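So the structure is just underneath, and the comments pick up after that.
A, B, C, D, E and F label the chains in the order they appear, each numbered from 1.
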Amino acid sequence: MEGRLKVFAGQSNPVLAREICRALGVTLGNKTFTQFSNENIKVKIRENVREADVFVVQTSCSPVSDHLMELLIMIDALKYASAARITAVLPYYPYVRSDKKDEPRISITARLVADLLETAGASRVLTMNLHAEQIIGFSRIPVDQLLAIPIICDYFAKKDLSNFVAVAPDVGRAKTTEHYARRLDLPMAILDKRRIGDDEHAVIRHVIGEVEGKDVMLLDDEILTGGSMLEGIRALKECGARRVLAGCVHGVLSGSAVPDIEASPIEELVVTNTIPLKRESSKITVLSVARLFADAIRAIHEGSSVSALFD
Amino acid sequence: MEGRLKVFAGQSNPVLAREICRALGVTLGNKTFTQFSNENIKVKIRENVREADVFVVQTSCSPVSDHLMELLIMIDALKYASAARITAVLPYYPYVRSDKKDEPRISITARLVADLLETAGASRVLTMNLHAEQIIGFSRIPVDQLLAIPIICDYFAKKDLSNFVAVAPDVGRAKTTEHYARRLDLPMAILDKRRIGDDEHAVIRHVIGEVEGKDVMLLDDEILTGGSMLEGIRALKECGARRVLAGCVHGVLSGSAVPDIEASPIEELVVTNTIPLKRESSKITVLSVARLFADAIRAIHEGSSVSALFD
Amino acid sequence: MEGRLKVFAGQSNPVLAREICRALGVTLGNKTFTQFSNENIKVKIRENVREADVFVVQTSCSPVSDHLMELLIMIDALKYASAARITAVLPYYPYVRSDKKDEPRISITARLVADLLETAGASRVLTMNLHAEQIIGFSRIPVDQLLAIPIICDYFAKKDLSNFVAVAPDVGRAKTTEHYARRLDLPMAILDKRRIGDDEHAVIRHVIGEVEGKDVMLLDDEILTGGSMLEGIRALKECGARRVLAGCVHGVLSGSAVPDIEASPIEELVVTNTIPLKRESSKITVLSVARLFADAIRAIHEGSSVSALFD
Amino acid sequence: MEGRLKVFAGQSNPVLAREICRALGVTLGNKTFTQFSNENIKVKIRENVREADVFVVQTSCSPVSDHLMELLIMIDALKYASAARITAVLPYYPYVRSDKKDEPRISITARLVADLLETAGASRVLTMNLHAEQIIGFSRIPVDQLLAIPIICDYFAKKDLSNFVAVAPDVGRAKTTEHYARRLDLPMAILDKRRIGDDEHAVIRHVIGEVEGKDVMLLDDEILTGGSMLEGIRALKECGARRVLAGCVHGVLSGSAVPDIEASPIEELVVTNTIPLKRESSKITVLSVARLFADAIRAIHEGSSVSALFD
Amino acid sequence: MEGRLKVFAGQSNPVLAREICRALGVTLGNKTFTQFSNENIKVKIRENVREADVFVVQTSCSPVSDHLMELLIMIDALKYASAARITAVLPYYPYVRSDKKDEPRISITARLVADLLETAGASRVLTMNLHAEQIIGFSRIPVDQLLAIPIICDYFAKKDLSNFVAVAPDVGRAKTTEHYARRLDLPMAILDKRRIGDDEHAVIRHVIGEVEGKDVMLLDDEILTGGSMLEGIRALKECGARRVLAGCVHGVLSGSAVPDIEASPIEELVVTNTIPLKRESSKITVLSVARLFADAIRAIHEGSSVSALFD
Amino acid sequence: MEGRLKVFAGQSNPVLAREICRALGVTLGNKTFTQFSNENIKVKIRENVREADVFVVQTSCSPVSDHLMELLIMIDALKYASAARITAVLPYYPYVRSDKKDEPRISITARLVADLLETAGASRVLTMNLHAEQIIGFSRIPVDQLLAIPIICDYFAKKDLSNFVAVAPDVGRAKTTEHYARRLDLPMAILDKRRIGDDEHAVIRHVIGEVEGKDVMLLDDEILTGGSMLEGIRALKECGARRVLAGCVHGVLSGSAVPDIEASPIEELVVTNTIPLKRESSKITVLSVARLFADAIRAIHEGSSVSALFD
């Protein structure tokens, strides 16, 4: 792309956006955000973007709908302001878990989001660790997916992991956990959430694989309230597991997740900064993905290989 | 349309939706609305809609972004559930005032909304009193615009209006006020908001037309916080106006609008129920548009003329 | 845009096109226009335009349909001749007044024109003073709207305007007149076209605002036959107005407009050259917009700000 | 189609439209056509068309651009008036001869017309004898092509054709002439327009095939000014041809075509009424295609086979 | 849908197509398939399909590219033959395993197939057991996915399964195997394909979960050559597994799959007839899905619920 | 185009692709082609193509469907690998003869191919000698058509052609033969395939034009099995023709075409290398079009005129 590189950011994660800009050596684009008394959002781009190669950073965190609308409005404003190319940079992709129609008459909203982004005027998407690899196929515009698992594994690899087992929170997430396990060369176990026996209400877990006497590391792509992770830990403890670590890319950590984790047997939870942490905690380690995003933006802008960043 | 007529409603204005259903003699469609801990919205349509002629009622009121996302998600779910036709029924159209590019590099968001609705799968739009008549041209799908001004005028016409002047809140709104004035056969005056003289900060108003000794009726399509209406009333009073009435279709009335109006010299403000009133007030009269929407839905469904409803 | 800048012109306003090219310092693109015995139009582009940044100048004047078809055919020929970008430069936008559906079952033809331009292959539109600001929202491609009102006001500002009132031809046009009035710092009056009283056929005008003893300046975006302007002048005269000036951007001046104006009390009518004047007149002053179009084309081509031209 | 069948007509060929309606037993749709002083066309559909199955009859004759714009505007008005389906009925397809790019940087305007029709809102096209069979492939909507050659052949077949040769006006038209020749079981000859010898300016014709002592019948899909047909007749006469008949589907007959034909050795020219004849002539026989169009409209409306009409 | 129900079939699985027609009580649509000497495929629909509700049955089996092209050509022919709706019925979806971009610069061909089907003119897709549930999100047209797992489980449920473990062929397929395991109420084990230790070339398997002394049932959505299934059985045997059953929906069974299975310790492999079996085998049981497809086609045609078929 | 020029090739004609690359002075792009046991094709682009100007060479020869699918998959992979522009280089256009709907309910597959290419992500097409000039109008993306007739004529022009007649294989191909005839300044004759007389089964030919005692040169755009060419030669011989030459651009020569030609009275058949010859023959001369394709690719890449190559 010959146009100038410009980075704009929505209201969702200004710290990450500034970190990315710093790593790129560019100034964050000048814009004004206004929300009127009727809650309508107005974004005014305050610098010329004609023929520019624009990246718009917006993650999906609370307030989710406002952030998504702001993103669409920014893209629309940039498009009609004649930006040459607009890349939506989505550290945490909106509605990423609404990726299948496992009940009748529901929306595959992750696909709808792809459509809305394209309609608004996005030319590309740059995102990180989608809930399922197929989600890239929802877009009719090119999607670059960055992977934070190596960053997290590099952090864990500094510890002594000789007694550890990588644990998937359920069968459907086993594939994601396997990505960590391969990189850390750990054996795997999988929590099996089916009920066994007669008791209607009792949810008894079963663990596929060996965990007795083992240290366990719960690994997934995201944690919401942490409720099901904590339930899994209880089951693992009952099966004889000892130390507990946990890691995920996207730490949504909504509701009482942070205090719940602090009160739990988890020694350490490792997340990245795709989503701003609402409350700091000594048990939660936050790794930055800003450099990786900056490198990818640079590669996209200059037309060099993004996949080469993973080698 | 041969398909069955079905009406679904979002979370924004359930009272109006039920009134419309009652007038149509149909049951409101069965759906579940869930907002997860990560604020993601899930809508599940709980009845078969294959080949049905579906109308989705959703107005644009607080929380605006959530209601818009819910609407898009519902339409998406209905589309992929094989509805034959989906009409977005928007009593108050989202972002209706973002209808022009009067500053550089802003979004004409009312047009973006039209695009998003079409992308999600809407086949038609049924709405009421757009901020400008041109907004219909933003859509690439047919739009039926209902007009509540006759309903409001019929209400006012029962009063003695012999000393009244219809007042437009500014020059740009004069065209809308004229619609009321013609129907009520009232003379017009227009508030002119330009500054006169040297004082940088003083905003002095001028009134185009005669208001001295007159009773005034401020008429527009919508009122947000009411702030500029109340400022207008002060200017009219200074010019010798006596009694003050006001009317608008869409009573957004955000913030302290209701108590401000109660504390003002306004005798009565007439609005419709396109937006649910947050707080009742003895000074505010709410007229229902449910019958008009029901008649239009019936006409659209049966293929009879919607414009005939205005005769 | 890295491609070469090229300007082509249709048959509608060759004088303006050449003035624009002169201001840009480029040669008008080489093309042949043929209309066969069956009236079919053929345009042959006679120079290589591959990867070029092409601007096609065509205004909407008589014969309107031929000029519109010629424009669409030129754009189509340029698109398939592999132009990198095609900007339709429309000094007077075709069907600009067909911008709303104020009667049932009519076409919003200004929107249809936007669709046809995009279908033919236009990437952008550059136009001047649309009848309503919302019309920009009809296009799914970026539209730059230039404003000739400053040019007209600069001309008027050289006169002594101390006794003048800016007059809008009707309530619907008040917003446009206000743009002139603000810039010239004039008070405003508005012609009110409603009938008063019993007489079925008598069309009596009323003037909102003060004009008695005043000099009046009728200001609008365009004048067609001038009939309603002349009718307005009669009403203003009856209300005691003295001198009469008039100004508009687009002087369509069809039929007997020029002699009618010459025979009227108008001292001077100021128009621009967006439309070629069919017959010169000592009462009609034509201001050129070529420089403004040239500056905008230059800015679009180089990716500099078009809105900065207005500062 | 369950919707009601409705037929509307543009200004181009009202006689044919009424004949079609009569054959269908329906009343021509009620609409108003207005052309303002600025030549802008306004079409108002004056009856409810919601969910109707609408056919719009418009042929391509003088003034060609106005008729095409009127057609697009009608379709647009019908689309937004919620017609269920709109079929453009084009007895003579606009720009049908602009079907290839035999020079650099020209428009394949017949393809552009297909795009414009689809953009305006046409769902289907019904037309007659396209200049090349491939033109159907220009549309992304279904096209039904009716063939008038059987009608013309049936007329000729009543004559004694034992000494006749079917003659194509040039090699490129030989395929079309062959359709007549097969049906009439006539041998063929072809006019070869290349120059032979040194003379720069002399255009000498050659005839491929035998015509000496033969009666000749010049057969093609359309005749414009008739100039090249008359030139062909001169060449045939020089080669010893005797009687001359001619036939074509579309008699454009522009300019002095009718008097030129009357002054020529042609005994009889047979055309159809796809284009209204400007001036009657004893030498020109006009065959009606109304019944065929009516049958096709009926078949399309009822979902029965159109191709069965040709058996 | 009011149109007549019609079912056409490509060359891929005529037996299944006829079974479906029989279950529906309709005659298979009349068409001719021709492949010319240049291998170009021609499909001629030999009965009127105007306004019909057409279902085209074509599975993805050898020759895969020819069957896909034939499908696209049939859909195209049906679309321009004015079918009211075209549903592509794809028992085995083409390129279903190309559903993610797990290497740089490869095609997500399952998404491309969705695009090609829509471009050709398909209005809907009806398919069975996609490799991943997200694939539905690749289409911009409604997709109904039927599930054959209940049919297969119902067959297995007639056996004594008390000592059985459901085994997934790898971690990525665990989710699919779980669908069988839940329905059959079996414990699960998962084959883990990672290498352990130093030996570069040795591929040693590990089994997550308990299989010693157990009977195992290998369950997945499809089997290609069976090679990796047979490798899995060897590993299971080494871990002490006893009897071996296997089941999958789509038995591609290419190459030497059938004899390899016959020579293996597998007692029985259960597949469905989504793909025609090239060679019968006493070890392979084929269950028919024709009734399920027929019921779904009926439901789609009549607008009744497809998801209700699963209850 | 500023991006780097890259040329990739499918499996269809690697010799021609390499010749083109050699003429351009570029290395053929690095990719891997895999066809799995289930016949699914996988293409992996093995070098960075971001922002590159990519040309994909693939001709339509056996296996036709596989080659077309491979082409679509390559384009899709390149598009999502962020190529700036993708030009499909199609020496022999797929399904070029399926260009009209001369029977009811068949597909105009050449148009479908155009749609599929655009859907997959092609930005342009570069092809050679289409069966009909109108086929360019099937695409909504720019098509450059190269002409090999001058290359073939230049070859023939070295012979003594004084007694030769150019012969078209039927009336429909006369236009193409005329292109050769004009360039070689030869008289023309045309084979007329209609039956004459009563005999149901006898297919008797007639020749339009003079061939007795002449040497004949059969000229067309392509030859499939050669069957109808050989039948034509028999008819020409019966009419007294002497020597026989033949020429065409695309030598499909499927089935027993090569031995049949060797056994025939044809002295020499001249073809180009748009399609690889399956078996060499002393009677068949193959002329290379690689230089012409290379020049066109260079011109497209650099934005210089392609039509200038024909001067």
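What we mean here is this: a residue touches a chain if its C-beta (ideal position, glycine included) is under 8 Å from a C-beta of that chain, and two chains touch if they have at least 3 such contacts.
This one's a predicted model, so the numbers in the text were calculated from it and none came from an experiment.
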Report task. Work out which chains are contact partners of both chain A and chain E. Result -> B, F
Requested in this report: Mind checking chain B against chain E and telling me if their interface is mostly the same residue numbers on each side, over half, or mostly different?
Outcome: different
**Report entry** Which of B-D and D-F has more C-beta pairs touching across its chains
**Finding:** D-F
Query raised in the report: Which chain's C-alpha centroid is most distant from that of chain F?
Result: B
Query raised in the report: So, what's the distance in Å between the C-alpha centres of chain E and chain D?
Result: 51
Report summary line: Rounded to the nearest Å, the gap between Cα centres of chain A and chain D is 62
Query raised in the report: Where does chain A touch two or more other chains at once, residue-wise?
Result: 2, 80-81, 101, 104-105, 108, 115, 305-306
Report summary line: Contacting chain pairs, sorted by label, are A-B, A-C, A-E, A-F, B-C, B-D, B-E, C-D, C-F, D-E, D-F, E-F
Report summary line: The residues of chain C that touch chain B in their complex are 99-102, 104-105, 108, 110-111, 115, 132-138, 140, 145, 171-172, 174-175, 177-178, 181-182, 187-190, 192, 194, 206, 208-209, 305-307
Report summary line: Listed in rising order, chain B residues that touch chain A in their complex are 36-46, 49, 62-66, 68-69, 72-74, 76-78, 80-81, 95, 97-98, 101, 103-109, 112, 115-116, 118-120, 224-225, 252, 254-255
Report task. Write out the stretch or stretches of chain C touching chain F in their complex. Result -> 2-3, 48, 50-52, 79-82
**Report entry** Contact footprint of chain D on chain B as seen in their complex
**Finding:** 1-2, 124, 142-143, 299-300, 303-306, 308
